[in-house]
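Down below are the structures I want you to see.
The two complexes that follow have chain A in common; it is paired with chain B in the first and with chain C in the second.
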Partner chain A sequence: MSSLQIQPLATLSPPSNSRCWQSVPHPSQPLIATACSDKTVRVFSLTSFTLLHSISGGHKRSVRSVSWKPHTKGQSVLATGSFDASAGIWRRVERGPEEDFTRHGRDDDEEEDDEDYQFSCILDGHEHEIKSIVWSPSGQYLATCSRDKSVWIWEELEDDNFETVAVLQEHDQDVKCVAWHPEEDLLASASYDDTIRLYREDQDDWVQVCCINGHSETVWCIEFEGSGMGEKDFRAQKGELSEEQIQHIELLERSGPRLASCSDDSTVRIWRRQPKEGADHANGHAGVPSIIRSFSVDEEWVEDAVLPQRHDRVIYSISWSRKSGLLASTGSDGKIVIYKERWKEQISNGVTAAGVDKVVNGIEAPSRHRMTEWVVAAELYSAHDVFEVNHAVWAKRCDKGRRSDDEEIIVSTGDDGEVKAWTVEEVKPQAGG
Partner chain B sequence: MSAILSADDLNDFISPGVACIKPIETLPAHPPESNSNAYEVTTEEHATASQPRTPAQISLTDCLACSGCVTSAEAVLVQLQSHNEVLSTLDAHPSLRTPWLAHNGTNGKLNNILNGVNGHYQQEGKLFVASVSPQTRASLAALFSVSEVEAGNMINQLLSGASGLRASGVHGSDFTWVIDTNIVREACLVAAADEVASTLSPDVTPSSSTGFEGAIDTTPKQPILTSACPGWICYAEKTHPEILPHLSRLKSPQALTGTLLKSVLSQRYNVPPSQIWHLAIMPCFDKKLEASRSELTSTAWLPNHDTTHDPVRDVDCVITARELLHLASARNISFSSLPRSPLPSSSRIPFPDPSIDAFLFPPRRKNQSVLAGPSGGYMYHILRTYQAQHPGSEISESPGRNADVVVYSLTQGSKSIIKTARYYGFRNIQNLVRGLKPAKVSKLPGARMGVSRRPGGSSAAARESVKDYAYVEVMACPGGCTNGGGQIKVSEVEEVRALEGIQSVNRETTVGRPGLTEQKEWLRRVDEAYFSGSDEESADEDGDLNMVEPEASKLNGLLDEDVVNGISRSYIHNMISHWSGITGVSTQDLLYTSYRKVESDVGKKKQSDVERVAGLASALGGGW
Partner chain C sequence: MDRSKDNANPTILNASDLPSRRRELSAKKRDDGGTGLFDGLVPAYNYLNDPFDGPLSSSDSDDDSFEDIDEQEIYDLIAPISDPEHPLSLAELAVVNLPDIHVEPPTSPQSSISTVVVEITPTITHCSLATVIGLGVRVRLEQALPPRFRVDVRVKKGAHNTDDAVNKQLRDKERVAAALENGTLMGVIRKMLSTCE
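Up next is the complex of A and B:
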């Protein structure tokens, strides 16, 4: 039974007359950047839902993906990944009241351009379409992936001076998406080869540390859980927790942020890292200790959950709220689905009670992996009419109507060229719903 | 589902244009699986996917060898070069023995004979010659736990010995000569140092009579970049044409060996190039591509080349260590049981020209010192050449961002004489290439130029440093040529040893996919074998940096200016002029080659008629 309701808030205007791929909220400003197949990036205000800037003239083909650089001071830095195989870096001075802005040696029409995003450098190297681009949470690294099956990691040594630190060629097919772990320099990539791969720096080389096989079709999008979500999601409500629930929370803490993935196989899955320290004895886990590497950087990621299947076509995008832990998915069937994680009811349920007994006896409980369950909290059909929805993302609500500082909206991006904002509201349970 | 789906954006799907040559290399051993998904375009992809994953370090080179670099025509040429090709050629032709004794010709007579030999005669016999890279010997040495010299002897025994290929086959054909490419490399090293000197010389005029930037008669721009690595050349020609003016014009040791053999034997001893069959055994699949270059054929050096004759390649076939083992087993020869001793000197057939014979078959074999690195030691030789010319100068080494980048500078007191660097591996090549790009080119055309908010720019300074190098030894493979794509991989070691019927020497048996540690350990052993032939002390097992100290006295000692690193410049110069003299070919045509921008149609979609019509229709407001 749904407990949330997705309601239309606004359609960002003007809409594009060609397909839009992805919309990414600015890390600090009330802005959202939309990657568009008309070779532009459109930057909208999240306060007025209107177009502020159209970044054009850089790419020769569709801009497929964008990423805002985190922690920038006095300027906004946007990275764009395009089907023209190049990535662009764009800057715009954000003029705060204290900003001393000097201009010299520039002619008049350039002065007007100060308002615009300035192209500042290009990253060449991929042979084919770039599918995804994303800054690491520290802003030190930029990851790109491409149809050329490779994942590149770039390091910005100083402004506009990028170095290629790794070219990872583990995937056998088109790489659809890259994502960074929120706390560690750990990169994940998802591919048409149905796998998710994780990479980490070992000595001075980035190497694959894990390959997750679990989806049976193309993995379109991956996203890590936010940092410190234990304080915000279902785990936040303390008190009256059972022994094993407390153990489960501890396990999640040691695992760190989880990874969500969505696929052509119409499923959304959650993956959790097996904690390394004491994994062999304390938890009595069956994992065979690595005989291959003496000092292993390998990680083991296990399936934590398969979310209820509500999409009947490709799921293109997922977004894991940093505020609430709610997960949103969208895809080819035009639906937006919101999922919520909660404790499984244990006492009243005879099936899980057996698992509890095992834990009490000190033997590993298979059911421990399923201490929680994901339920569908809201569903919205035909979010973009008959069109596919390419992307949906949680964003901070900034318009006048917002009800609290923490309120979040969902912004969806569709094949119809529209970018839509949606509110997510609690609904009173109704009989027969 | 989408109503506005347009052909322009059908890019989330693999198209046949993105075929990779990796499958070509592996297809013979792994036929495509039949259960491939109909939606996936190439069955080759599945052949690749179904194999155990290539260790990460090695697979980095694959990007250099993939779709963007190889046209289908080239792919066919590469495919033709296999151990089967070697076997069928040996079976099709008897060995041509000492033909120069039969006709003692001169330059003048050559062309007549060449034209006369059209047809039947050509088919009769071939003079089989092989050249073997030191990295291949090192790979086999590590595999069979023998010394590099012994591995070389085993190869000689296979190719020329009584118990080798000669023992079977239709004609009992075998190889008349087996040449160590290290020997010919000495000529490359001296010429490379000369090339750097001419580039750095103040009165250099970088103009070309033919007018294109990669031409044979241009002096390369500083920094000169090594051109001996075919993967790198392939990538540069197809992806970074702006780099071509920097490429060394020098032929690789493989190519130079071919030119030397074919030019001398044809111009002086009347063996037409087409009757000389030159096999190279190399650490690298991309050497097959190099052998297929139209620049490296008889056309380049035959005077008065008759265009009605097909150009003959300087290197007819390239195989790798693994393929050499296939070659042996195809003739039921167990490579591991071949004698490890050298061939008896009585059976040696001298090269007809005594000077070149002395050059090609010196009594003492020399190998690279550890400091020269695993890829032939170009940069090191250049440094040492400059050091010899500047008494009292010192070489200092500074490690780069990773193990595959090292920067060297030669200083005399406070004065910097020359700076060089080593850039191995694809990711480092990216940074090198980016550093060499003129600033303007790196901007997106048509975009509004941003104004750098940081004046002056320390980034500009960082880019300058790459341009400051006189020479950069560029190799596509991380770890250099001993880690070449054609070397026996750590994952193959047990399998090959089992096939050869030998036990693993170490008790460690790798289970499943070997990890990075095993990879590095295997590479260390190949490196150890590679450097073991050195007449200086053998490789320190702990790695490179430690070796600088004990070597320092040797490195910085006073050296005879002529003899650099054991190679006499004047001897090499004399040999080259002798070569040019007896063949009547200019040294430029013998030693140098050219590069060209290659236009790839990969990724540039060719519009089909349907798409064009559809485009027109939608432009007119219509639609399908």
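Up next is the complex of A and C:
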């Protein structure tokens, strides 16, 4: 069943004439930066969908990944990761108040500003191509990963003074993607070795705290769920909840934001952290003196869901909306798919109706009943004509046509060199249909 | 070069025994990988598949991308690729074989993406150049076929000691893209492809 429709809004112009890998929206401004195989980064306006800046002259090979530093004041800071094994930091002074970019009727003003992004510093250390680069939500750390099998964590002590705080070499192969937990200093990495690994700091050292084996092929992209999604996604729906559903919401609260992953095995999976015994939760917290508890940094992440399989080739990218909890995926088959999580239908005795298949010969499946299910809400074929789509991301809608402050668009990036914006609309049930 | 060849005495097929058919149409190159620079390196023996090298009418671009392309045409595109270590084509060495080429139609009526699967048979099981050969085949087809084709190049099962590792690399678009930015490797590939068209 589909309940949403993906409609073309704009093709950002001018398009590149070579493959583009990834487009990342600015955390506060109506901008999006695209990593291109022509060694440049293009910064487009999300109000006019036109090119504002082309950052070139830095990298000697494809730019594979970009990340905007969060919480910067008065300037934009962009980190770039390239196949030339280096990462770059670029800065640009932003004129004018950041707050009023959404105001109507002034979308030409900021584009007159032709001041360019200035190369600021280079981060050397990786031996081979950098595949992914991402700032931590606080802006304190920058993570990179590479075909050299390593994950590096950099800390910016002061402007342009970066220190390597960790070199993590747990993966057996090429590391494809890094992602930060939205609330904790917890880093995840995904690899060509088919695993996902998680790391956190333990007594001044970053260590692996979990290895997730679940995909059967290269894991291309991972992303954490947003913070506080219980207020925004299916959990926020009003209505009577069963005891089981209330317990499930509490479980998700204790687990914290989940992790989504996509793979060459054509699946998208959701992972959830098992709350630790004795960790903060409603009851039984006061009883155990923490000094006795043998504290371990190890975490256990379990499979929470496998999303309906709608891609028949490698899935390159997933994006988890911070506003709605909708998840979007795209890949080699050129499709964009949106998935939505919802409560499973309940039958009277509290057993989920769709969970009946889990009971075989009277033996329940070992895992708890799945309380929720993911359904396909929208499906778009040939988003970039016949080309592969390398990336799709949710972004705040900023153009004049936006219908609400909260409206989101999807921005996709393809092998055809194009970056496209798409609206996502509810499909109204047709009368008599 | 001191490197001794992995297989000094490969089995060679007679050119007249190779499957062929006059090509009625030929897919255009999307991107000239600079092969013209290597014209001087084209071995004189190889006129195997060079039916007409005049440029095709430029009209058959995107509009008629639904023209049928069959296994023989795929074979014709990759047969003349030179082996990286022997002065012979992949067809003559039976690295590429017509029965190991499959063109698969779109998996859904809403999709226009077809898949070309090519299984290569390296001359001996420990051939260290399997990845390079596979890369050459993939590059050749990606340059020559319309973009609606996805190209999957694999080592034929059992033909190579580390076929899973080779297959995984050949399947990984990002690694293939990075490899093609490597000048040395690209030089080898260009040389292999210089005997095409």
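Following the convention adopted for this analysis, the second predicted complex is superposed on the first by the 370 of 433 C-alpha atoms of A that agree within 3 Å, B and C clash if a C-alpha of one lies under 4 Å from a C-alpha of the other, contacts with A are read in each partner's own complex, and residues count from 1 in each chain.
Heads up, the rule we're going with is that a residue touches a chain if its C-beta (ideal position, glycine included) is under 8 Å from a C-beta of that chain, and two chains touch if they have at least 3 such contacts.
Everything quoted here is computed from the prediction, not taken from an experiment.
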- If you stack the two complexes on chain A, which partner ends up touching A:Lys323: first (chain B), second (chain C), both, or neither? neither
- Task: In the overlay, answer first, second, both or neither for which of chain B and chain C A:Ser62 touches.
- Result: both
- Item | Partner touching more residues of chain A, whether chain B or chain C | B
- Task: State whether A:Arg19 touches chain B only (first), chain C only (second), both chains, or neither.
- Result: both
- Applying the touch criterion given at the start, work out whether A:Gln169 contacts chain B, chain C, both or neither, answering first, second, both or neither. first
- Message: One more residue to check, A:Tyr192. First (chain B), second (chain C), both or neither?
- Response: both
- Query: With the two structures laid over each other on chain A, which partner does A:Asp312 touch: chain B (first), chain C (second), both, or neither?
  - Reply: second
- Tell me which partner A:Arg254 touches in the superposition: chain B (first), chain C (second), both or neither. neither
- Task: State whether A:Phe387 touches chain B only (first), chain C only (second), both chains, or neither.
- Result: both
- Message: With both complexes superposed on chain A, which partner does A:Arg402 reach: first (chain B), second (chain C), both or neither?
- Response: neither
- Query: What residues on chain A does chain C touch that chain B touches too?
  - Reply: 19, 37, 61-62, 83, 128-129, 131, 147, 174, 176, 192, 313, 332, 334, 386-388, 415-416
- In their shared complex, chain A is touched by residues of chain B numbered 1-6, 8-9, 11-14, 18, 40, 45, 48-49, 53, 56-57, 59-60, 62-63, 66-68, 239, 401-403, 426-428, 430-431, 434, 442-444, 446-454, 458-459, 462-463, 478, 510-518, 602-603
- Query: What does chain A use to touch chain B in their complex?
  - Reply: 18-19, 37, 57-59, 61-62, 75, 83, 85-86, 88, 90-91, 93, 106, 113, 116, 118-122, 124-125, 127-129, 131, 147-148, 150, 157-170, 172-174, 176, 192-193, 202, 204-205, 207-208, 291-296, 298, 313, 332, 334, 386-388, 415-417
- Message: Under the stated contact criterion, what part of chain A meets chain C in this complex?
- Response: 19, 37, 61-62, 64, 83, 128-129, 131, 147, 174, 176, 192, 217-218, 264, 312-314, 332-335, 381-382, 385-388, 415-416
- Where on chain C is chain A touching in the complex? 65, 107-108, 110-113, 146-148, 150, 168, 171-175, 177-178, 181
